[in-house]
Amino acid sequence: MSKLLFERSVVGRRGILIDPIDVPEVKLDEQYVRQSKPRLPEIGEVDLVRHYMELSKYTFGVDNGFYPLGSCTMKYNPKLNEATASLEGFANIHPSQSLETVQGALTLMDDLSHSLCEITGMDAFTLQPAAGAHGEFTGLLLIHAYHKANNDTKRTKVIVPDSSHGTNPASAAMAGYQVISVPSNAQGGVDVDALKLVLNDEIAGLMLTNPNTLGLFDPNIELITSMVHEVGGLLYYDGANLNAIMGTARPGDMGFDVVHLNLHKTFSTPHGGGGPGSGPVGVKAFLKPFLPQGSLVKETYGYRFLDERDQSSIGRMRSYYGNFLVNVRAYTYIQSLGRDGLKAASQNAVLNANYLMEGLKDTYPVTYPGTCMHEFVISLEKLKKETGISAKDISKALLDYGMHPPTMYFPLIVHEALMIEPTETESKETLDFFIETMKKLHDLAYSKPEVILNAPYSTPVKRVDDVQAARNPILKYMF
Amino acid sequence: MAGYILNTDQERTVMLEQIKRASLDDLYAELPSDLKLKQDLNLSAGQSEFAVMAKLKALSSQNKVYSTILRGAGVEHHHVPAVVKQLSNREEFVSAYTPYQSELSQGVLQSIFEYQTQMCELTGMDVCNASVYDGATAAAEAMQMVVERNRRVILMPENMHPHVLQTMRTYAQWANIQLVDLKTIDGRIDLNDLQAKCDANTAGVFIQHPNYFGLLEDVQEISRITHGIQAKLVQYTNPLTCAYLKSPRALGADIAIGEAQSLGIPMSFGGPYLGFMAASADLVRRLPGRIAGQTVDLDGKRAFTLTLQAREQHIRREKASSSICSNQALMALVASMYCASMGPQGLKEVADAGLRKAHYLLQELEKIGFKRKYEGPFFNEFVVVSPIEHSIIERVCDEMDILAGLGLSSHESLWCVTETTSKATLDQLIARLKEVIQ
Amino acid sequence: MEKYYATSHEWVMQVDDQHVRVGISDYAQKALGDIVFLSTHELGDSVSFGERFGDVESVKAVSELLSPVDGVVSKVNTDLEDKPELLNEDPLNVWIIEVEGQVDTSRLLSEEAYLALDKDH
């Protein structure tokens, strides 16, 4: 592995220099001034470049290879998006410039919001939330504000299915709700009977992904949304899986009142090793008055941002208006694909997933057979029982074939789960290679399990000791 | 027009045959038919790369890019070294997912570890997370770090960035946290008011230093009062100033948070930015979000991994203190590269340049009839009362391709100077303003 | 002395007239995997039957510790602060807290009954 920046440091060495400061010195009172320098690396430019070149070599992105991470929609991130986001007129404008001087940015934001409304069947969008979980929290605050405005104060509970992502219950708790979990039925959908049992006038809302985390479109969706509406609850759509249905079906038409999207999934903006993302939230018209401060609205006289004067607003979710440059990328993507391209993207994502499932299903049991949407889940429970090889082991072995493994151990309701989402931007050859590799590893699990247990072999480091990391945390460099 | 789809029609036919489907539409056969869209989405048709670029260029040209920026208020204009721009755009970094698979992600994990170390060095803290969305959400998340079962009150002064205060209020509303305003005198925290409001219910005191108006607070005294009642002191700060000023830890803070946009991140019309959160060692398990740690691999080689994950939502679900599931990894990488490219001396010089140029600008403004609004010591931002309406000054600046300080009221404005503005430009501005005022 | 078990997988054992010790079962440590951190109520805190007195963390899971006894914490096993793995190594001999209180066998399972339950897992 490479040296750390601090290990490359040489006292007195300089990288980037600034102009000499051509105004008089200022002496602040000593009580304010730092006495010793921070131990930042002292490094020359060429060494800095070599350091990061090395780190980049030890990092694996979509641009390096196949990345079938279920629920993460790791599609290709078009370079055009990067080019537009780095235009000076977007990257170098101050967020508090007067609105006359940023009309291009506002037009783009407004146009993007309209496109997202059309794609999801909603009436208004705020682009402020910075990521999916932030969007969830925003959406739940909107629901809370709505009930409060109706003096409907006994609604203290939010329902989430047991297959949901951990952010759902965590966001609900942050918005002050008690979380009720409902089980999934044998087909992986919401168990309608179980739902019936928990529905009453204490329910503020239900959070759902559809297609769900198993990659299945819930055939009862309209029944579910109408049941929740009947008791006065609202419907929250987690847009994690929108990549399956663009141009074919819309959450707004299914009965959802609030949705969040992950622009870093469906709309091709890069994940950046963990962020920045963007998690815009869309609402039906009756929730518009509650949108966060910092959301863009168009009045007859022009654009403005909601502020403290908009008293029914849930308040501000973060500084300014959102991850603008991420939104520029998503806008670029929508412009490139257009109505037909978006629909084709979803259709081909579903085709690729079904093709992959067909190729794997005789080797690895598929949790819920039938047509999947953009992803599906296989269970390695039997393999583990018979060979001792776990989902994690197979995942680690995949690394040696230049592929990122699928999502492991999620959803929690499937044992030894691997959740596979190929996306539309992968070719048949890539899918075939994945199928072939997975079959090979399956055989190997029976014939030479020790080979898999010690994988990976080709990565810069071998299996990493997570236990030691957690027991004796070393969270910064020890000088 | 582009779909970034690789399969040819012929391949699609083969694939459909394999899965025994007649057409792409057939894949959606199990959807309730009344939910299926009957017509195309009402969006424009796809466009070529050339056409999209032209459209986006046209939009971007409707935004004014100023050559000189004398406005900060939480977002500063700094020179971003070419090496930082170039390297942080490496495809591997940009297109990677969260580094859950450590063996394949050592590069990004190491970069987070280096970022955490650098932020600890700047703030004087023991631990730092892998970052959160921005400064305002860092402050909101920090509230959960300080509250205890029976201590739910947080004191915060009005001289923090308004977006930070507003975001804290939003996050507090259903979290059973009570926010109490602290008074200020002459732009700085009223220590008597602080002393009076501190009691056994106070969980934490939040301050911004240098504050929203650029003024330096008496943090050591605030720390003494806060710790006198065993509450936690949370300092919101611009990490660039920490290269010059005493670190939050040295001043007595338990938690240092803030917006790190000043470390090489462009102004970007508000985002993406970089919220940092650093704390003393005893608070490590209260830090939200991801943290990278050092460990070893099977062969005993140094390796890095995301650690202490049992704090996070994917394990703790509704019992997690935060639902945050991403960080701003790419922005943290930029900040880390920026710090490394400048080094301790360079970073100090950048901070010093802002300090000195801001004082120079104020001194020259005072010569032509502007008055300082607040008397206390300040760093690279200050508030003035202008002899003419600020809107006129803004227009004059605009004509000179300068973004003026931020108007706070008709005659009051908040100015910020960084290393990017030369003395010559400041002199030209003063000369022009002098003409206008006379 | 004999151990009694709660269905939430904690054991409790009377150590003298006034004190009991509390730990977790072998099944619990296996289910959690490598334990990396433990947090518990402190000396002098009261605990009540079925209520949380701490958390135990492994790399990929966290579980609440529920008290199998009513009383006041009289000792905390500080060895576990630095070596939480002791719970994996010897769960039945490593206690987590000592409580001033009495084992209430009417609300608990005998070792035999608990182990029978364990087989169903």
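Order of writing sets the chain letters: A, B and C. Residues in each chain are counted from 1.
FYI, a residue touches a chain if its C-beta (ideal position, glycine included) is under 8 Å from a C-beta of that chain, and two chains touch if they have at least 3 such contacts.
This one's a predicted model, so the numbers in the text were calculated from it and none came from an experiment.
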Furthest chain, CA centroid comparison against chain C: B
Chain closest to the assembly centre - both centres taken as Cα means: A
Result of counting contacting C-beta pairs for A-B and B-C, higher pair: A-B
Centre distance in Å when chain A and chain C are each reduced to the mean of their C-alpha atoms: 38
Between chain C and chain B, distance of the C-alpha-averaged centres to the nearest whole Å: 44
Intercentroid distance (Cα basis), chain B paired with chain A, Å: 20
Overlap residues in chain A, where contacts from two or more other chains coincide: 466, 470
Of all residues in chain C, the ones touching two or more other chains: 36-37, 57, 59-60
Multi-chain contact sites of chain B, meaning residues that touch two or more partners: 308-310, 315-316, 319
For the chain C and chain B complex, residues of the former touching the latter: 36-37, 39, 57-62
Interfacial residue positions of chain B with respect to chain C in the complex: 285, 308-310, 315-316, 319
Contacting residues of chain A [partner chain C, same complex]: 409, 466-467, 470-471
